[in-house]
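The two complexes that follow have chain A in common; it is paired with chain B in the first and with chain C in the second.
Our next item is the complex of A and B:
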């Protein structure tokens, strides 16, 4: 942010459309949604006024009032009052108000006017308000408030030119205040009086499309049928429909490997490219379609307004584990990635509930675990992918992680005790809207690009190191197992093996687990490299060939190495282990203490290890080993 | 009559939002309890009209044109009376 530019802040109630306006003014693609609390941190960007003057724009998290509230709302309050150490006090505030609900949205505008900062009111979603039968009078509103009022439709880009014109110098003067400053009662009464003049409501209550949809989607029985149906469609798409584009990526990999093998002479460099880079990175990239689909569905639920309904439905269930329906939004996001999930907990009012939600969020199986599950689950079913049995096992994996999270949440919530200030469930159910496809697709592509970037940097780096560690030092022998045991990895495996053997793994699997502490999805590539001892196998980069290879592996006494017991034990480890350093860093930041970040990492890793050990030993007793 | 007694008598004649009938319009007369600020932030203010849309562990009502879900604990703190219509 350049210090010389004027700083404009977008402020208002949650779900007033601030981020949509921010994106429209700056050309950014910040995440937008149709539920309160999508923006949990300050977003910054640049724009130009109608006269071409450069302006800095910040998008503040929504808040109902400048008093009290959750952490994201405190951020907005501090910035507006000039108490934020990193962001200067704004030169002008654009109060974004939902035209359909002026009675409520005006309150924050009046509080901001009291701060004596120049204010412009952006009256958003005027089309929806008029459709609902409201008679809006922006001129009257401007007269009563004493500040410029610009009607806009941020999602359609209407009214933006007029808004930009109102941001030019000189900024509007701070108006005369017609209520008692600092007195909430007096402010509220004034707000209601102004709303009554500037936005007349129709006398009779009209039943909207949202009302009709809610009669079904929030019905005690039908609502649950729809919820389960939506969740089923989401997971079915990820595990079944995604197979089509995954096949394309697989073919592309085979084709590229074929070309390189045809063009290059045999040697270390060709092995590095085909096995290390294409095989290793490719085994991770193949899961891109599933990750995109997961983010697409979550984006769809957020954008349409269904996410709040899901939170409403889940509240009864969540209360049994000491959480509220508000914890459902972060937990569902954590199925895609724990990082946005942990950040989304900022919308939870109760500090203790928030802490518990952060603590258990990584147990919602994130998209990075998918590659591991997809590799391992078919091994329990004789190697074949797809089918009802596989879907059932996948469902069990997700249910197991979620149920364990709930049990731990219940225990932890009990230990932390009640909140000092009791909080109650209170959630706005926004009207249903058509999804903002542009932002959904851009957000999905953004997440996909982030995944590919990770595959091209961290995962590529680990794959190259791992390839080197499984190749050198070389041994002149025809026995591939002997060659591997001579390499760096072979030696590390010998050290690790006694530790991981009681869990059912050999040293190479232990090494693959170790490498995946940097990023879980590395496991598949690591296994591909560590067990790729048969050079005659041309399709080693595909999951099937990894599985074929693993199925052939035996212990020195001739027992199958990847018995059902070992595979289940490995799955259990991945369900529970927290192998994601960025999550630990975000948890430390959000809780304000590394104690929680590191504590969570140690707890989950030890829990995973012990659970894996118990499961393997029990399975052995039942003869599954 | 002392004002506190008037208030008590008036309170007795009011319904809480939990007791109110689904599908009817009410006027909010008073907010009583620790959740008042939370309620006012979402538009539950004295003299505002509210329509109760659904009962349950969490109630649904429409206030200022917005649907809001609130726990029955909170709804107990909203005292309403039926509108004339």
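Our next item is the complex of A and C:
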């Protein structure tokens, strides 16, 4: 940020459209969503005024008041008061207000005006307000507040030129204040009076499309039926629609392997390329279409406004486990990735509730677990992919992780005791909107690229090392089992087999689990390498090849190695284990202590091991091994 | 076709480079406090 440029801050209530406006003004692609609390940290960017002057722009986390105690509110308050050590006090604040909820959104604007910083009001979503029957009067609003008011539609880019013009020098003077400064009641009364004058409501309340939809989607019974139906459709779609692009990736993999084998003589380098790199990395990359579909559906729910309804439905349930509906959105974000989920807990006021939410967030099955589930689930149903039964098992896996998180949250919340200052849950239910396709697709592509980047760097490196560990030291023998047991992996497997055997795994599966502590999805590639899945078979499909190979594996006494009990035990381990070092680092940063990060890692790993052991031993008793 | 020696040496070279890159990465992560996870929502 150049010190010479004027600094403009975007502030306002959550879900007022600040980030959409930030993106429109700066050309950035920061994440937006039609639910409160998407922005939990300060985002920075550059823009130019209507006269070409360079300006620095910051997007502050949304908050209903500057008096609250949650970390995101503290950030916004400190920046606006000039108390933030890293960000200077803004020269001008653009208050972004939702025109259809003016009476509530005006409160934060009045608080900011009290700080005596130049303010411009961006009256956003005027189209939705007018559709709802409101008669807006921006001129009256400007007169009453004493600051410029610009009507805009940030998502469609309307009114931005006028807004940029209002950001030129000289900045508007701080207005005369018509209420008692620092008195919340006086401020509230003035806000209601201004809202009444500037946004006239129709005499008779007309039912909007959102009202009609909410009658079904928030219904105590129908709402839950719809929620479960939506989740089921999501998982079913992930299975059904991804098959075709996955086939293309497999064909490309086979074609490349064929070319290399045709061009190179047999040798270590050829093995490294075909088995280690193409086989190992390819078996992870194959899941890209499913990852993209998952993020597409999450984006769709966020953008349409359904995410807030899901949080509303869950609030009653959440309160029974000692959390509020505010904890639901971070937990829901963790289904995509625990890192943004942990960061989203900044919206939670209660420090104890925030700590508990951070602690259980990694139990929401994130997208990195998806490749492991996709490999293992069909093994429970005879090997073939697709169909409603697999979607049901998938749904059960997600439900199991979620329920366990709630039970542990309940226990932990009880141990931590009640809050010193009671907090209240306030959730905004925004009107349903047509999804912002541009942002959804950009976000999906970003996540896809992050997945590929990970596959091309960390996973590639691990696969190369794993190939070396399954190749060296070499033994001159014709027996593949003897050759493998002589290698580094063979020796490690030998050591860890007694530990993992009671969980139903042999030493090679144990080694694959060890490799996946760097990144969960590595497990699939590791299994492909450790069980010597032949990628070059004609008409073979990689995932089916791995599954076919695993299905053939037996214990020395002839029993099937990957019995239903062993597969369930593996699934249980991956549902519960925290195999993501970046999450541990972010938890340590957000809680301000490595004690929580490392404690969480140890607790979840031990929990996963014990749960896996119990499940395998029980399944064995029922004859599933 | 007999395995030429260059393949074994090249493969070993790639493995050695990978080990060095991981070591450098780990050292950098420790000194900067960043895990370089590649996740865009991470350390913003």
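Side notes on the structure shown:
What we mean here is this: the second predicted complex is superposed on the first by the 603 of 625 C-alpha atoms of A that agree within 3 Å, B and C clash if a C-alpha of one lies under 4 Å from a C-alpha of the other, contacts with A are read in each partner's own complex, and residues count from 1 in each chain.
To be clear about the criterion, contacts are C-beta pairs under 8 Å (C-beta built on N, C-alpha and C of every residue); 3 or more make two chains touch, one makes a residue touch a chain.
The model shown is predicted, which means the values in this text are computed figures rather than measured ones.
By the touch criterion defined above, A:582 lies against chain C but remains apart from chain B after alignment on the C-alpha atoms of chain A. Contacts of A:269 after superposition on the shared chain: chain C is touched, whereas chain B is not.
Contacts of A:429 after superposition on the shared chain: chain B is touched, whereas chain C is not. Of the two partner chains placed by the overlay, neither chain B nor chain C lies in contact with A:418. Within the superposed three-chain model, A:312 lies in touch with chain B and out of touch with chain C [touch as defined at top]. Once the two complexes are laid over each other on the shared chain, residue contacts for A:453 go to chain C alone; chain B is not touched.
Overlap of the chain B and chain C contact sets on chain A: empty, with no shared residue. Within the complex, the chain A residues that touch chain C are 31, 41, 43, 264-272, 337, 339-340, 343, 446-447, 450, 453-454, 457-458, 461, 464-465, 467-468, 581-582, 585-586, 589.
Listed in rising order, the residues of chain C touching chain A in the complex are 1-4, 6-8, 10-12, 14-15, 18-19, 21-22, 34-35, 37-44. The touching residues of chain B, when paired with chain A in their complex, are 25, 34-35, 37-43, 45, 47-48, 51, 53-54, 56-58, 60, 62, 64-71, 73-74, 85. Chain contact summary for the complex, chain A toward chain B: residues 64-65, 67-68, 100-104, 107, 132, 134, 184, 188, 192, 201, 203, 205, 210-211, 214, 218, 220, 308, 312, 315-316, 319, 325, 349, 421-431.
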